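Shared between the two complexes below is chain A, which pairs with chain B and chain C, respectively.
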Partner chain A sequence: MEQLIQELKEHLIEELNLEEITPEEIDAEAPLFGDGLGLDSIDALEIILILEKYYGVKLANSAEAKPVFYSVKSLAEYIEKNRK
Partner chain B sequence: MADKRVDIYLGASAMRTALGNSSETLSAMRRGEGGLRYSEEFGMYAGTAKVTLLEGFSRFESLLIEQIAEVVNQSGISLESDDVQLIISTTKGNIELLADCCDNLSERVFLYSSAERVADYFHCKKSPIIISNACISGVSAFVIAREQLCNGRCKHAIVAGCDTLCEFITSGFASFKSISDAPCKPYDTQRNGLTLGEAAAAVLLTTEPTAEGGVRVAGGAISNDANHISGPSRTGDGLYYAIRNAMQEAGVSRENIGFVNTHGTATRYNDEMESKAVAWAELDKKPLVSLKGYIGHTLGAAGVVETILCAEQLKSGAIFGTKNFSSSDTPHALQISAESQVSEGCACVKTASGFGGCNAAIVLDMGEQKGNIHTSTRKVRVAAEYTLPTSEQPFAEYIRAEFKALGESNMKFYKMSDMCKALYVSVEHLLSTEGFEETEPERRAIILANSSASLDADIAHQRIVNRHLAEGASPATFVYTLANVAAGEMAIRHKMQGDNTFFVERENSGLAEQYARSLIENNRADAVICGWCDLLAESWKVEIKLLKTDNNH
Partner chain C sequence: MRCYIDRVTTNSDVVTDIKQLIPDAGMRRRMSRVIKMAVTTAVETLGGVENIAPLDAIITATGWGCLADSERFLRNVIVEREQLLNPTPFIQSTFNTVGGQIALLGHNHCYNVTYVNRSHSFEDALLDAMMRTTDGENRNILLGAFDEQTPSQHRIMERMGLYRCQNDGEGAVFAKVTAERTEQSIAQVTAIEFLTNSLTEEQCRERYTTDEKCAVLYNNYTKYGLYPTSSAQSFAQAVKMVCEGSTEVVIYNEYFGATPTLIKVQCIG
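Moving on to the complex of A and B:
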């Protein structure tokens, strides 16, 4: 899990153009949206792509998205549970 | 100094949509028939248009030429005159040609180049004006045409809009998850996205009244949400300002309005936003219609096609049903019906909203003339000027250092396209000595022009599509494939809710500044950022000014 979290942070930084931020600076349990990293709805769509591209995980429905997208940790847990 | 009244009449028109030419489109719509079908090519429902290719011209150019030629033939107006201005509205022009020339750009993918080819076909005396402002382009074109005609820059204008579909566009909208899985259902409880369509349309605007009076473009306005570059406003304030200002300019009251023809794309948030704006304008008791269920969202053509159809609805006194609609759950109840509704009133409102947070509204009026007499009395002063220096450094390094030198920590900066970053840094400098200060957000405007539109970002998106379409395009890349999104970013940053228009032309003719000055002279804005903003493949040129009213005169 630790390794997955680290890897996810790197993908997020790369794919969401989070320049000036290191993986260490992202708190795995802090909210991704709202304040913090300043992510918005376009980033949410990009995260869906990251899940599909690197982990082959598709979000079953959009109602599921909110708790899954809460933090890096919740994303990692969802990937663990759903990847084949 | 008040000059004489200028009235602008809609004249001859032509269109080609998924339902056919003008008469075929009208009769199909009267029968309630739509033209949206499943497209194997794009893997989604779409409204594709039948194109008769002209030798040596692209689909986009052929479609445009066909409509303009029809208007020229019907009206007898020749574009070979100094008195006639061609205004072209498009979001992406010949973008289908980009797939094969990312590494070695063909000039034909530049909007100015395809517009010039069309203009040359008609031996245009004046250079065409190109408006590329996302999905409001078509409605914007009428606002720009009004400015040209009211200020005596021409006596007639032909407004022509067109966009065609290709993978570039369909993959981008798909990446935003905004495509409907069935023909789109505007305002319906079950709506789940838009359906794209192809179309071209052209219409004559003239200052010479026709014998029977006819329909006038009586007023128009453009605004910005200053909220988000892709998500519609949560309050509808931007669209409300555009509707209110257009009605004020037209001199019409609510009683005069017979119906409202909104953008009505059938995405969840667009239709919600529109219901709020229409209610705010107190037009929610008027019959309302979206035409997207018949022909789809035709992008840069939408405003032109639908304005022509508004004039038809106004003249007949009956509005079309909103196809595919059954029941609504928008925050404010609207008067929508799948069946035709009676329109009582001599005027109507046509609106559009698009990426970059932009909104536009125009008022068509066939009643007595009641618009304000056009005056241009206010003086303009140049409050500040800024030119972004060139550099030997790679752009990424250069702009990063410039951004840091500003002492900024805005994380959003790093997500922006390169052109947008160049503009961001330039605007920070421009506003550093004398900012907007007490100017109201609604009275702040941004008017830009360039030669490459968003080609730099277009190439980035096209490369993703070429490389791995199966994985899907990147929404964060696609959103910047509209040049006006750079203006939208500035609108958010500096809370600018007034006009935001993006022109494309081969070289800087001063068009953006001319229009910006006119906004202040005609009391439509108090402070305007205007100028040239171009970036393509490591080469950039940003030259901008801040214009303000000169209170000392």
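Moving on to the complex of A and C:
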């Protein structure tokens, strides 16, 4: 899980152009949207692409999105549970 | 028809830190190179983001638009077989991205138009600015032009032989245009023409200058390189020449046989 979290942080920095942030500065349990990293709805679309492109994971039910997209840790747990 | 120029800035004149010019980190991280280049030049011209809100119009010009983002989006379409397309390069690849980003930075809802008319995009934007100031519709206008070069664009144009005589180029130029002369006015634009026939440098001098002291910038691509809105660089150069003592500068632009254009910049009388 630790390795997956680290990998996810790197993908987020790369794909969301978070040039001024290092993986170490991202708190895995902090909220991604609003407070914390301060991401927005365009970033949510980019994260959906990260899940699908790198892990083959599709978000089947949009109602699941809020808890899954809460933090890096919740994203990693969802990937762990759903990847083929 | 005339308008006054309060300030003109090119991307190489920008000295302020980008974090000061574009304080919103969320906006900054999505901007490609050309958007950063153009928006920082625009904000530097205005002297800070707080001066965007009072503008009556934002008029921009570009020949190629946000080329790197357009290429990135099209490459994704091919590589990802029309699936899994990132939204950011799609959103940021439109020609009016720069005008939109400037307006968003200053929460400005004024007239906001981008002219994309090949090598006379800048001249069309300037004509719009002059018509709006002359009609009394707008008093304070931000006018700008930008284009970027990418390796693939360079390769294609080089293979077509377009850089045999001139180097390639890119850049951003912004000017603060006003309807009336102010204490800040440094030059005035007194004429703009779209010609039907090509002119030689001598013909330009004979027909459009009033005395021997007048300068003509004739297809002035050597210094700034060849790109669709490079005449905006000549415009910035003309304004600087007028500030340094020239009475009148005529800019003639004819990019690969496209509609020749002529702009006359004069000192403040």
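Observations on the model:
Keep this in mind: the second predicted complex is superposed on the first by the 84 of 84 C-alpha atoms of A that agree within 3 Å, B and C clash if a C-alpha of one lies under 4 Å from a C-alpha of the other, contacts with A are read in each partner's own complex, and residues count from 1 in each chain.
The rule we apply is simple: a residue touches a chain if its C-beta (ideal position, glycine included) is under 8 Å from a C-beta of that chain, and two chains touch if they have at least 3 such contacts.
No experiment lies behind these values; they were computed from the predicted model shown.
Once the two complexes are overlaid on the shared chain, A:Leu37 sits against chain B while remaining clear of chain C.
Taken together, the two structures place residues 16-20, 38, 40, 42, 45-46, 49, 52-53 of chain A in contact with chain B in one case and with chain C in the other.
Remark: chain B residues 175-177, 228-231, 400, 411-412, 414-415, 471-472, 474-476, 479 touch chain A in the complex. Interface residues of chain A facing chain B in the complex, by the touch rule stated above, are 16-20, 37-38, 40-43, 45-46, 49, 52-53.
Residues 25-26, 29-30, 80, 84-88, 91 of chain C touch chain A in their complex.
Listed in rising order, the residues of chain A touching chain C in the complex are 15-20, 38, 40, 42, 45-46, 49, 52-53.
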